[in-house]
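What follows is subunit A paired twice: with subunit B in the first complex and subunit C in the second.
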Partner chain A sequence: MRRLKSTVRAAVLFTAGTFALSACSAGSTSTETAEADTSSITVALTGEPTNLDFTTTAGAAIPQALMTNVYEGLVKLDQEGEIEPLLAESWEVSDDRTTYTFALQEGATFSNGEAFTAEDVKFSIERVQSDAWASSLKAKMNVVDSVNVLSDTEVEVVLTQPSNAWLFDMATLVGAMFDPSGVDDLANTAIGTGPFSIEAWNRGESIDLAAREDYWGEAPQVETATLRYFADAIATTNALRSGDVDVVYNTQAPELLSSFESDDAFQVLDGTSNGEIVLSMNNEMAPFDDVRVRKAVMHAIDRQAVIDTAWSGYGTMVGAAVPPTDPYYEDLNDVYPYDPDAARALLAEAGMENLDITFTVPTRPYATAVSEIVVSQLAEVGINATIESAEFPAVWLDTVFTQQNYQMSVVLAVESRDFLAMFNNPDYYLGYDNSKIQGLAAEADAADEAGYIEGMQETVRTVTDDAAANVLFLFPNIVVAKAGVDNIPANSVTEALDLTSIGWK
Partner chain B sequence: MAIRLLVNVIRFIVTYVVATVLVFLVMRAIPGDPAQVALGVNATPELLEATRREFGTDRPLIVQYFDWVAGLPIGDFGTSYVTRQDISPLVADRVQVSLILVVLAMIVALLIAIPFGTFAAVRHRNPSGILISGLSQVGVALPNFLAGILLVVVFAVGLGWLPANGWTPPGEDPGDFIRRVILPVVALASVQGAILTRYVRSAVLEVMSEDYLRTARAKGLGRMEALARHGLRNAAIPVLTVTSVQLAALIIGAVVIERVFVIPGLGSMLLDAVGNRDLLTVQSVVMVLVSITLIINLVVDVLYTVLDPRIRKKA
Partner chain C sequence: MTDHSQPERVTQPASGLVPEAPPLEVTPATAGRRRGKPSVTLMIGGALVAVVVLSALVSFFWTPYDPVQAFPADRLQNSSPGHLMGTDRYGRDVFSGILYGARITLLVGLIAVGIALLIGTPLGILAGMRGGFTEEVSMRAADILLAFPALLVAIMFGAVFGASTTTAMVAIGIGTIPGFARVARSGTLQVMSTEYVLAARAASQNAFRIAVRHVLPNIAGIVVVQCSVSFAIAVLAEAALSFLGLGTPPPTPSWGRMLQESQQFLDTYPMLAVWPGVAIAIAVLGFNLLGDGLRDRFDPKLNGER
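Up next, the complex of A and B:
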C-alpha cells in the first residue's frame, strides 16, 4: 500500500480538524467533519447487493459487506494476504497433509444466540457440497472427504488428497460458518459469528451494521458502520465532499482524485486488490484461435500507457492474472514487451494484416476507459477493432460469458486466486485449451509448499506463453476518506471489506 | 356525464390490460436472463438450469404471464426472485417517495408558471415579458438530469449549502427531509416550470384576444380584473391538459433525478430491477407508473367538466 497523503498521523489529525472547521465556515468546501461522531463510520460503495445470500447469488457486493463483518471463517487473510486464525484458534496438519485438526475458539456465538461449535463447521462445509449452494465456487470444497466432530471445540477435516489451495479457500466465502437454524432466509437475514450484525437494510440506500455486544473477540473500533450505496462514482465523492460519508471505498473514478489529493481534509490511499483487468480473446474463435494473433495483441498494447491514460496512472502492471500478494506471483511483464513491430511481424506471419475484429465492451467505467486506448493501439498494428457495447452484467453474461459469442472483450476479474478458474477450464469463456496445464495444476496443488509455488509458476508461465489473455493491469483499490479516519483496510486482498479495525484517529 | 365516465373507465381497463401484455413481452424480449445475472461468473450450465427452475423462468411464457397478472387486481405483485422479497410492500414504500417528489415539483412548477406565464402574456410586447419568454425557452431545452448535476455542483459541492444527495423520510426528520428534497425538487420544477410557463403564456394570450374579454373591458373592467374574472378560468383548460401530460413526464423525469440524487424512489428501483433482470419487479413498477398516468387522465377528465360546463353538455 502506498500512502499518498497524510503520513504523520497525530499532527495531521489536529491540523486537519481545525482546518476542516475553518474550511467549513468559509463555505468553500462543505465538510461536517468537525463534530464527527467517533462511534460510527459511513462508507460509500457503488453497487448494492440484490440480496444477502452469497451461496446462491454471485457478485462482489454481498461478501464485501458480510464476510469478516457478519460471517466469519475458521481462518482469515490479513492485509498482506497471509492466513491467520479466526474461529479456529489453531490447527494441526497431519504428515501426509490430508488431515486438518482445528481447535476452535471457545465462547463464540452466532448473532441469534446459538453457540458456535464443531457441529457448525461440519454443517457449513457439508452445506457447500450440497445442492443448497448454487455457485461454481462450491467446487473448492470437492477435495473435502469428510468432516469429523471430535468434541465441541475440535474438528477434523479429511481431504481426499493434499491441497495447497484448500486452507486459503477456507478464508474466502466458501469457508463462512453458518448456524443450522440460521439458513432459512439467507437472502434477507444474515446470522454469523462476526463482530457486527445487520441492524437495518434500507433498500436502495444503505446497510447499517451494529457492533455486537456479545462478540467473542476483540470489539471493533466503531459501534455502528453504515455501508451506503450509490449508483456511480461521482455521487460518492459528492457525498464525501458534502460530509454525508466518511470513506469512499474502491472508487471507480480516478480522474476525480486530484482535488482530494491536494486537500488536507482528505486522504487518498492506493491499495492493492485481487482484481485483474483482463483483455480477453476468444481462444476458440478466429482470428484468436491462432496463437500468433494473440501474441501480436500482447505486443501491440503498451500496458503502462493504458494505466496512465485510462486510469490516471493508478494500477500495477502484472503480466499475468496473478496479483503480487499471491504466493506464486512472479513478474512476467517482460514476456511480451510493448513492440508494435513484433506485433506486425506476427500478424504478417499469420496472414492477418488489416484484421477486422469486434470488441465487446461491458458498460462499466473501467471498460469504457480502457477500450478507447486499446482500440487506438490495436489500430497502430493493423487490427481494426469495432467497439460493441454490452450492458453489464445482463447482456455481457449472456453473449460473452454464456454463449461465448465474441472475439475480444475486457472485464475485471475480481475473485481471489482465480487463475485456475479462468484457464484450467476449457468450458470457460476464454476458451483456453487447458490440456497442457491440467496435470501441472493438479500436481502443484498436491505438492509440498515449495512444489506448489514452483508448479503454479510453471502453470502460469505456460498460459502466458500461449498468450491466452492479455492482463492489462492489476486494478487498484483506491480509497478516499476524511483525514481523521484511521486503519482503513486499503488492501482489498479478500472479497471482504473488513470493518473490524477501522475507526477515528 | 355518466356515459362519459363509463367510457373512461372502460378505456382505463383496456389500456391497463394492453400495458400488461406489452411490458411482459418487452421484458422477455430484451437479452439477458435473471438466472445468469444471479449466478454471474460462478455459473455452470447445470446451475443455470437449476436456478431457472427455481425462479420459474423455465415455464411457458403464457403460464408466467397469467401467474403474474392473476395477482394484479388485488395488488399482489408476487415475490421477486432477485431480492426474495414480496414486491408489493417494497413498491408501496418507493411509490410514496416518488410521489412526494413529483407532487412537490409540480406545485413549485405551477407556482412559477402561473404568475410568470400570465405576466409574460400580459406584457408580451414588453422587454420584461420577452425576457421571461426567452428564459423559459432555455428551461425547456434543459434536460432534468443536467439541471440536477448543475445544482449539485453549485449548491452542494461548491457552496456547501445543501447535501449533494440522499433521502430522509419526512416523518423521520422534517428538517433534514427539507434540506435533502430542495435540490431534486428544484431540478425537476425548474424544467417543468419553464415548460408550463410557455403554455400558460400562450393560453392567456389566446384568451386575451377573445371577444368576451373585450366586452368585459368595454363594460369598464381593468385589464387584470377582466382577465382574473373571465379569462383565467378559460385559460385553465389547456393549462390543465398540459399539466396532466407533464405530470406523467415528471414521473419519468423523476426516474433520472432519483438516480442523480440517490433517492430510493420508484425510479431507482426500476433501474436497479432492469439491471438485475428482476422481471417481476420491473413489470410491477411499470404497471404502477401506468396506473398513476391513467388515474391522472381520469381525474383530469372529470376536472374538465367542472371547469367548463360546455364539456358536460356535449357529453
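Up next, the complex of A and C:
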C-alpha cells in the first residue's frame, strides 16, 4: 500500500514536472518570437573563410559573405537569375555587341568615404586582368579589350569580340568594384560600395555586418547581420533550435530536415542551386591521365545511390557541371550509366586492375558523407581508394587546389556558370587539357544566342566524353529558418548570400 | 607513504602467508596463488574484456558481411536475422562493423599502452632509484605532460601529422606516459627503502641488477593495474578522436566514428548510436573493472581492507 502510494506520488510529480518543463519551453519559444530583435539577423553557415580576399584566395565562403553585401558590381542577378542594374543605372550595347556603355549611379560611396566614379570601374576591371588577381576566375575578364572613362558617371567597356557571358560574369565576383585606396589589405579589410560594412570579424566564429548609414541605395531590412560559422552541420541546426541563429543557409544535415518540415516554428525552403558535387580526378597525374581509367570511374559509381545514401535523397543527377537553370543545360545522365562491368573492362584494357589510389577528402560534411559510398563502389570494380582527410579550406586549397598534388578528391563547386572556369583552363586543379574546347568555347561566346547555347552544349558534351570529372549530383540549396524570417534569398543564383532584403515578417 | 603503509602491513592477519616475509617481495606470479579466489569485479572485468578480444579475433576470420562494402538498397534497416544490428546509411552491416571495430580499439589500446609502458616505467624506476636531479627533471617533465590532456596531445598530433590510427595511437601513448612514470616511481621508492635492497646495495650489486632483480618484479603488480586502467582510457580516447574525425580515417570501421555518423539519425534510427555506444561502454567498463580487480590483488595498500 505504502509502496503504491509512493509510486503514485512519483508518477504525479513526474507528470507535473514534464508539464512544467514543456510549458517552460513553450513559454520561452513564444517570448523569443515576441522579443525577437527585428533589426538584426543571424545566419548559420559551415566553413569559415580563410581571409577576406577573393581576388587571390579561392573558396566560396569569401564571396558568399562579401558580394552584394560589402562589394557591389555594376550589375547583379535577381533571384530568378535575370541581370538587373546595380552600380550601373543603365547600359547600352553597340550593334556589334562589343561596346558596353554604362551610366553609373550618382552619389554612391565606398565605406571609406571615397566617391564611386568611372575611374573606379576602370581600375577594378583592369585590376582583374593584372597580376594582382590570382583567382582562377579572372579568366572571365580576358575578353575585355579596354575600359574608357567618358565622364565621372559614364564608362565604356570595349570587348575584343561579342560575348554572351561577360555581362553575366560582371554580376559575379570578378565584377566587384574596388576603390584604388582600399585594396592594400584585402585579406583583412573589405571596402566596397555595398549596403553593409564589416563591423567585426571574430575569427573562428563570426563575421558581423552593419548596415551603412551612407549607403547610396535602398537600406537593407536589418541593421546588423551576423554570419556565424559552425564546424559541423548538426551544430547549425542545434543552434537554430536553441534560438542562437535565425537562418541556416545551405543546410548540410539533410537527415535532420524532416523534423523541421513538420514544425510550424520553422520554414524549410528548397532553392535552386549552382553547386555541383564534383568527384575530381587529376587529369595530369597517373592513373587518371588515362581517359579509360576516368571513364571506368564514371561507370563505377551509381550516382543515384550516392544521393540516396550520402545525402538522404536530396539532390539532382545532372551528368555534367551544368545546373538545369543554366541556358545551355542538357541532360547528359545517360552518357555514363552505372555499369560496374564496363568499368572493370575499361580498367583491364588500361592494364589497371587492382589499382591503388589516394582519395583526398576535404573536412566538409558532404565530402565525408560522399567519400564512404564512393570508396565502396570503387572497391567493387577493383580500385582501392585510401581516404586521406584534408582540413578545409586551408589545407585542401593548398595541396589539392593550388599545388594540384592529389589523385582524386571531391568538392562542392558553387560558382555560377563555372563550366568554362573549370574545364577551359589547363591550370585549374582538374588539369583538363582544353585544346579540344578552347576554340569551341570562344566561338560560342561570340555567337548569337542560339549559337551560344548550341556551342556551349557541344563544349559540355566534349568534356563529358573525355570524362574530365565525375559530377556526382547537384547539391540542394536548402534553407531552414525561423518561421518569422522574410525574403530569404533561397535561390543560389551567384555565390553571394544576398542579405540586402532579408528581414522579419 | 612508506612509513604509513609499513605498520599497517605488520598488523594484517597473515592469511596463510609466511608472516615474516617482506610484504613487498610478493611477485605477481606468486600473488595469485597465495590469495584465495578471484574477486567478482575481476571476473566481470575479465569476461567483458574477453568479449571484446573475442570479437576482434573473430573479425579476422569471419564477419557476416564485408564491413566496408555498401549495399545502398539495404540502407537503414532495423535489426533482423540478416542484419543483427541493422544497417547504416550506406547499407553496411553494423554488426560486422562492430566486430571489426573491436580490432581497431584493441590495436590502439595495445600500442598506446605499450608505448607508455616501455617509456614511462623505466623513466619512473630511474627517477625513483637515482633521485636528485634526474628525479626532478623527469618528474617535472611528466607533470608538464600531464598538464596536457591526452586528447589535446592527440588533436595536436592529428593537426600536424594528419589524422590516422597511427597518430592516434602514438599520441594517446605519449599522453599516458606520465601515469606510468609516477606509478613506477612511487613503487620504486617503496622498494628502495626495503632491507633486502639495502643488503643488495651493501653487497655492491650494480643499479641495473637491482632494478631488474628487485624493483621490477615488485612493482610489476601495480604496473599491470596501471596498464588495464590506461587501456580503458585509451579506448575512450580513440573513440573520442574518431568521433572528432582525428582518429581512424573512413571507411575502416571504428566505434567512435560509427557513433559520430549516427548523430544525424538520433531521431529516426536511434539504434545506430546505441550499438557502438554499448560496444565502447563494454570495453571501457571491462578494462576498468579488470584494473580494479587486479588492484585488489596487487596493491599492498588495500590488503587490510579485504
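Convention: the second predicted complex is superposed on the first by the 360 of 505 C-alpha atoms of A that agree within 3 Å, B and C clash if a C-alpha of one lies under 4 Å from a C-alpha of the other, contacts with A are read in each partner's own complex, and residues count from 1 in each chain.
Rule of thumb we're sticking to: contacts are C-beta pairs under 8 Å (C-beta built on N, C-alpha and C of every residue); 3 or more make two chains touch, one makes a residue touch a chain.
Since the structure is predicted, the reported quantities are computational estimates derived from the model, not experimental observations.
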- Check whether A:A58 is in contact with subunit B, with subunit C, with both or with neither, and answer first, second, both or neither. first
- Query: Taking the superposition as given, does A:P393 touch the first partner, subunit B, the second, subunit C, both, or neither?
  - Reply: first
- Message: Applying the document's definition of touch, where does A:N405 land relative to subunit B and subunit C: first, second, both, or neither?
- Response: neither
- In the superposed arrangement, which partner chain does A:S146 touch: subunit B (first), subunit C (second), both, or neither? neither
- Query: First (subunit B), second (subunit C), both or neither: which does A:S39 touch?
  - Reply: neither
- Message: On the A-aligned overlay, A:N112 touches which partner chain: subunit B = first, subunit C = second, or both, or neither?
- Response: neither
- Message: Per the contact definition in the header, classify A:S258: touching subunit B only (first), subunit C only (second), both, or neither.
- Response: second
- Message: Does any part of subunit A touch subunit B in one structure and subunit C in the other, and if so which residues?
- Response: 391
- Spell out the residues on subunit B that touch subunit A in their complex, using ranges where they run on. 31-33, 36-44, 47-48, 50-51, 54, 82-85, 90, 94, 152, 156-157, 159-167, 259-260, 262, 264, 268-269, 271-272, 275-278
- Residues of subunit C touching subunit A in their complex? 68-70, 72, 75, 89-92, 159, 162-163, 245, 249-251, 263-265, 267-268
- Using the touch definition up top, name the residues of subunit A that touch subunit B in the complex. 24, 27-31, 48, 50-51, 53, 56-59, 131, 134-137, 185, 187-188, 202-205, 228, 230-231, 235, 238-239, 241-244, 391, 393-395, 397-399, 401-402, 413, 415, 427
- Query: In the complex of these two chains, what residues of subunit A are touching subunit C?
  - Reply: 233-234, 253, 255-256, 258-259, 302, 305, 308-310, 312, 363, 368-369, 371-373, 375-377, 379-380, 387-389, 391
